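Structures for review follow.
One chain, subunit A, links the two complexes that follow: it is found with subunit B in the first and with subunit C in the second.
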Partner chain A sequence: MTHVVTDNCERCRFTECVTVCPVECFHGGPTRLYIDAAVCIDCGACVPVCPVRAISETFDLEPGQERWVEINRDFAAALPVIRAREAPTAGAEARRIELGFTAPR
Partner chain B sequence: MSTPTAAERTVLGACPHDCPDTCSMVVTVAGGRVTGVQGHPDHPFTQGRLCAKTNHYEERVYNPERVLHPLRRTGAKGTGSFERISWDEALDTIATRWRASIAKHGPTSILPYSYLGHQGLLNGLTVGDPFFNKLGATVSERTFCDSGACTGYIMTLGPTPGMDPESFRFSKYIVLWACNMLSTNAHMWPFVMEAQRRGAKIVVVDPLRTKTAQLADWHIPIRPGTDAALALGMMQVIIRDGLVDRDYVAKYTVGYDELAERAADYPPERVAEITGLPVEDVVKLAREYAQTQPAAIRIGVGIERSAGGGQLVRALSCLPALVGAWRKPGGGILQLPLWAFPMNWPGLQRPDLLAAGTRVVNQWELGKALTGESKLDPPIESLFVYNSNPIVVAPDQARTRKGLEREDLFTVVSEHFITDTARYADIILPAATQVEEDDLMFSWGHFYLTLNRKAIEPLGEAVSNVELFRRLAGAMGFDDPFFHRDDRQMMLDSMDWTSPALQGITLESLQATGYARLALPAHDVFAPHAEGNFPTPSGKVELKASTAAGGNFVLPVFRQGSNDHQDGSPVDALPTFTPPRESPLSNPALAQRFPLSMLSPKSHAFLNSEYANLRRQLGQSGPQHVIIHPVDAAARAIADGAMVRVENARGAFHAAARVSADIRPGVVVAPLGYWVSLSEGDSTPAALNPTAYADLGRAPTFSDNLVEIRVASP
Partner chain C sequence: MSGVIAIAVVGSGPSGFYAAEALLRSDRKLRVDLIERLPFPYGLVRYGVAPDHLKLKSVTAVFDRVAADPGLRFIGGVEIGRELSLDDLRAHYDAVVLACGTPASRRLDVPGEDLPGVFASSAFVGWYNGHPDHASCSDAGLVADTAVVVGHGNVALDVCRLLSKSAESLAASDLPEPMLAAFAESRVRTVHLLGRGTPGRARFTAKELRELGELPGVRVRFPQAASRVLAALETDGDHAALLPTWRALAACGERAGEREIHVWFGVAPERFIGDTRLRGVRLRATDRLFAQPPGVHEIDCGLAVSCIGYRGLAMAGVPFDAGTGTVPNAGGRVVDSCGVALPSLYVTGWLKRGPTGVIGTNRADSLETIAALLEDIAGREPKSGDDVVPLLEARGVRPVTFADWQRIDRHERDRARATAPREKVCSIDGAREFLGRAERS
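Up next is the complex of A and B:
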């Protein structure tokens, strides 16, 4: 069990999560982030700070979403750690609105 | 932090659990119901995070299995059959039964049993002490954690906070000794990581490659129970290589020459044989530690859990002085910052109410006390359990259960859930959770005082522990107003508010802010022992301890304030290495039958046995498991995931094998906390744990434990 980054991160990549992670467990590609389950300590600090609620404890995944466990594990292993906040993707704001998260926190 | 909606309000609370981090919690309430909790984003130690245990505290509060009304047993003991009764009936039953016991056998036939199932100054460690002291019950000696470490630390350094955990960010060398920080002290990790980013080296001494060890720069996988030899070996190298801070030692320590003579018995070659570490690692650790100042040692709670655990803490407490680590912020040893809090222990525990000479029973003796093997006169007729679940956390599980099965024993348990222990109760009383009560929280892991405000009214007929003891006092006819103070008065009475440490802090200011840092020097200048000033009899670091002359003792705070019937057995005034009672090297005969050393540390997602009945945390942890090295697994034809039976002469339990090279060969790890009633078979790791005391403070020896493992028969 661990926390995972789910589909809302895709094309957003706001990276607020990495600013609160105490163990640097986020890894990233160009369009989104992943959590390294071997490092995550389930502190949950990243969950409320994500502007698009992309992060979930696996316990809370909806049926059919279990694939994110494997996806996070595999991509985290292959991609570098993201330690500091980076600029969101170019279309992040539009994507946020599209996802129904209209107001910044 | 999520912004509350219009219908929501937030209440500042504090985590009640037995953990050094004591988080400031923001509780969200809507329509009289707690909808969520978060770590306070502005609290310098909490930093907006909680943990795998408490992230969904509301699931604990509203769990359908919570006990919300007094219950009376209707079936055989241990079967868990109960029916609802009223509080009046429950209190009347208890008072009637206790009065009869007192008339027949005297009040010591009643035994209280509690520890830190709650850490509040109101509802925690001391909540029942004045009541049971006044009642005249047997004194319960509660040495579950840190008692041995406290005795060893105080003999050496006195009751000093020593270091501010936040000042670890300035450390250049950090040794996390028997401390799985990411599971048991996670909110301190950011300070350690900051030091690491600034170039500090992080070293972890632990037989298991924990997550903490994985993030460290150097993992030292020591044999269990041999750490004192490593510490003495470090001293030998430091002295041999001329790395001693001679000025600091001359001015601020006593007993250096005798200590040097003792350390000379531990050359690296001998230490390597004892600890199972390479000679060069012993030398390297000593040299790096001495030459990289300021250096900090953080010890974990489990450090004391072998035959020589207390003197191990003595040895580690001597090291910083030898190398002058105390001179700067970020140097020294961190045991319990709680020594900084100006507690009114006599007011909290009321030892003045105790009749002189009242007998004391240590909590490892529960099984023997209940079954009569302790030959107590009078015998225990009634047991009152609160803030604890001894069947899961205490050793001697089988005997404890046998004792609890006694039909003539009257057992009362105050609880959130029908735990393994509560299943044996005659009466169960419903306890409130933290969001249903007020409290004031000190900390044994940082310098913040935190106020917990009630967020909702108690569910059902649950009551806080302070209210429980008000009701019991009423039922027993204690009309002294002390037993009927309100929560606010109890908070005012719990500390010395005139102390410099509380300057500028009041209950009113805490209501506004939720928390306050003690009025101590800031963490970037916190170095209280840069020039000695240790609160010991000599005012110096007692490398040779003058208080050893009085013999072994348990701090009165761990025994309801009593100082009667102390252990008193002889104590070596110099730090020493006592081999484990149970290890292949020290006890080859026992190791013939039981060759593996077992550790039973805390689970990442449980707080001892709390949360081990909740689906989320059980899902995260998986079923009871035991970590075993591939070599040991292969020798026993144990495949990863296989169900195995772990046993020794004291008991046996079943677990799923996790085959992993993260543990050193010859050692196995079975996390503690799983409930018997939710486990395969009828017992858990505590069934194998010994009742023997460590050398100081009657600490447990749960990590001094030989076992054998085999594939379970289908």
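Up next is the complex of A and C:
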């Protein structure tokens, strides 16, 4: 079992998660983040702080979502660690609303 | 040591290490002394995280990287208020960050709370984790077949789980040998987990709650009827995340098990009963939904552990909110009763915000405190105070260095049983003796 970043992060990339990650297990591409499962200690601090609920324990993944395990592993290996909060993508607010998360934090 | 801003961080748990990390990563050239009361670093990672949650403990690798920064010095075995005063720190450092955590427990304030067999979580968790303040406890109350755990948070779940696990599965943890032996001989077979609120008010996290249902040979029961628990949850939209976990737990009540965990809602201890030691607890209803007809309920038990939260300890010269057990602050700047910030004094972690959140929560918290500190020292000349170590040595104190700790760490790993990562040194004297032997040989 581990934690993965799923679909909702795409085009949001709010990066709240990296401020609470105790082990710096988040890696980032231009439009989203991924978790390095080998580094993640499953503390769960990132789950509630994501404005679009993009992070999930693998245990809680819906059937058919298991692909995120592989995607996170492969992309985390190829991308740099994100240590500090960065500005979200330009369309993040629109995407948040589109995903049904309206209330700004 | 002159010419550089010097910061003292008091306490080497997660919030202390993350404060140090944030300081060392800043653009400002500075040095950090991480001052720790014990000869052992890592605070609640070593003494609070459950001994069977070994993956969480691997966060210490991050702290070790912080400790390896040449700008950081670990000064162990030094307590503020004993070996050094707050005034000493003020004289020697440009700023002080308090990251001392909340080592005391909230009290239930009910009769019988001081009977032998009744423990606060700090004492019981401290005992099984080998904390020097609590490890010498020779009577952990594991003599009767029934135990009561008070509180609906993750600490209570940890205690329930450890009381309910078999000796074989507990062996794969960093429980020290004497505590492992005590659990192996424990007669406890039934644990009552009491919470004063409704299921929706429980502060468990899903992962920890789920673990309860995965314990081999343990049956989880709801004495107030599982259907009522689920019905209460269905109407509590805020806690939908826990609903599948509660459902799974309710289902596991059907299976047989030689050990049982009874989960109660809407009840609190009214008094602990016993003459020379705990014999039972009388409950009172705290929520009408779960009120027990005919009103009064007693549980015979030989052990009670109250896990209802922690409090910080007041320090001389530092404002303290006795209600919350925390240090009043504005974004990490310690403030007096008028809300005015005290010069160069900061607070972070549980002592700042109270005992909530997980390890990573302290990282964001320490980032906030250190951002305030860095803002305040921007453009300020270093005080160039004297190094504190000669002062300590003049007082006959030899600080424990991080290299010393690494020697203790290797020793603990070398002597561990085959299934455990380490066998902790459980006393300050034990650590000092080991270091003395290591130095002579």
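The rule we apply is simple: the second predicted complex is superposed on the first by the 105 of 105 C-alpha atoms of A that agree within 3 Å, B and C clash if a C-alpha of one lies under 4 Å from a C-alpha of the other, contacts with A are read in each partner's own complex, and residues count from 1 in each chain.
By our rule, a residue touches a chain if its C-beta (ideal position, glycine included) is under 8 Å from a C-beta of that chain, and two chains touch if they have at least 3 such contacts.
Quick caveat, the model's predicted, so the values are computed rather than measured.
Colleague: Here subunit A is shared; do subunit B and subunit C fit on it together or clash?
Modeller: Subunit B and subunit C clash in the superposed model.
Colleague: Mind working out whether A:I41 is in touch with subunit B, subunit C, both or neither, as first, second, both or neither?
Modeller: A:I41 sits against subunit B and subunit C alike.
Colleague: Does the superposition put A:G29 against subunit B (first), subunit C (second), both, or neither?
Modeller: neither
Colleague: Look at A:G91 in the shared chain and tell me whether it touches subunit B only, subunit C only, both, or neither; answer first, second, both or neither.
Modeller: Neither partner.
Colleague: Show which residues of subunit A both subunit B and subunit C reach, each in its own complex.
Modeller: Residues 20, 22-24, 41-45, 49, 57, 59, which sit in both footprints.
Colleague: Could you please specify the touching residues of subunit A with respect to subunit C in the complex?
Modeller: 19-24, 41-46, 49, 57, 59-60
Colleague: Quick one: in the complex, what on subunit C touches subunit A?
Modeller: Checking each residue of subunit C against subunit A gives 14, 18, 55-56, 58-59, 61-62, 205-207, 210, 357-364, 367.
Colleague: Can you list the residues on subunit B that touch subunit A in the complex?
Modeller: 1-3, 38-39, 47-52, 55, 182-183, 186-187, 189-190, 193, 211, 214-215, 604-605, 615-616, 619-622
Colleague: Any idea which subunit A residues touch subunit B in the complex?
Modeller: 1-2, 20, 22-24, 38-39, 41-45, 48-49, 57-59, 105
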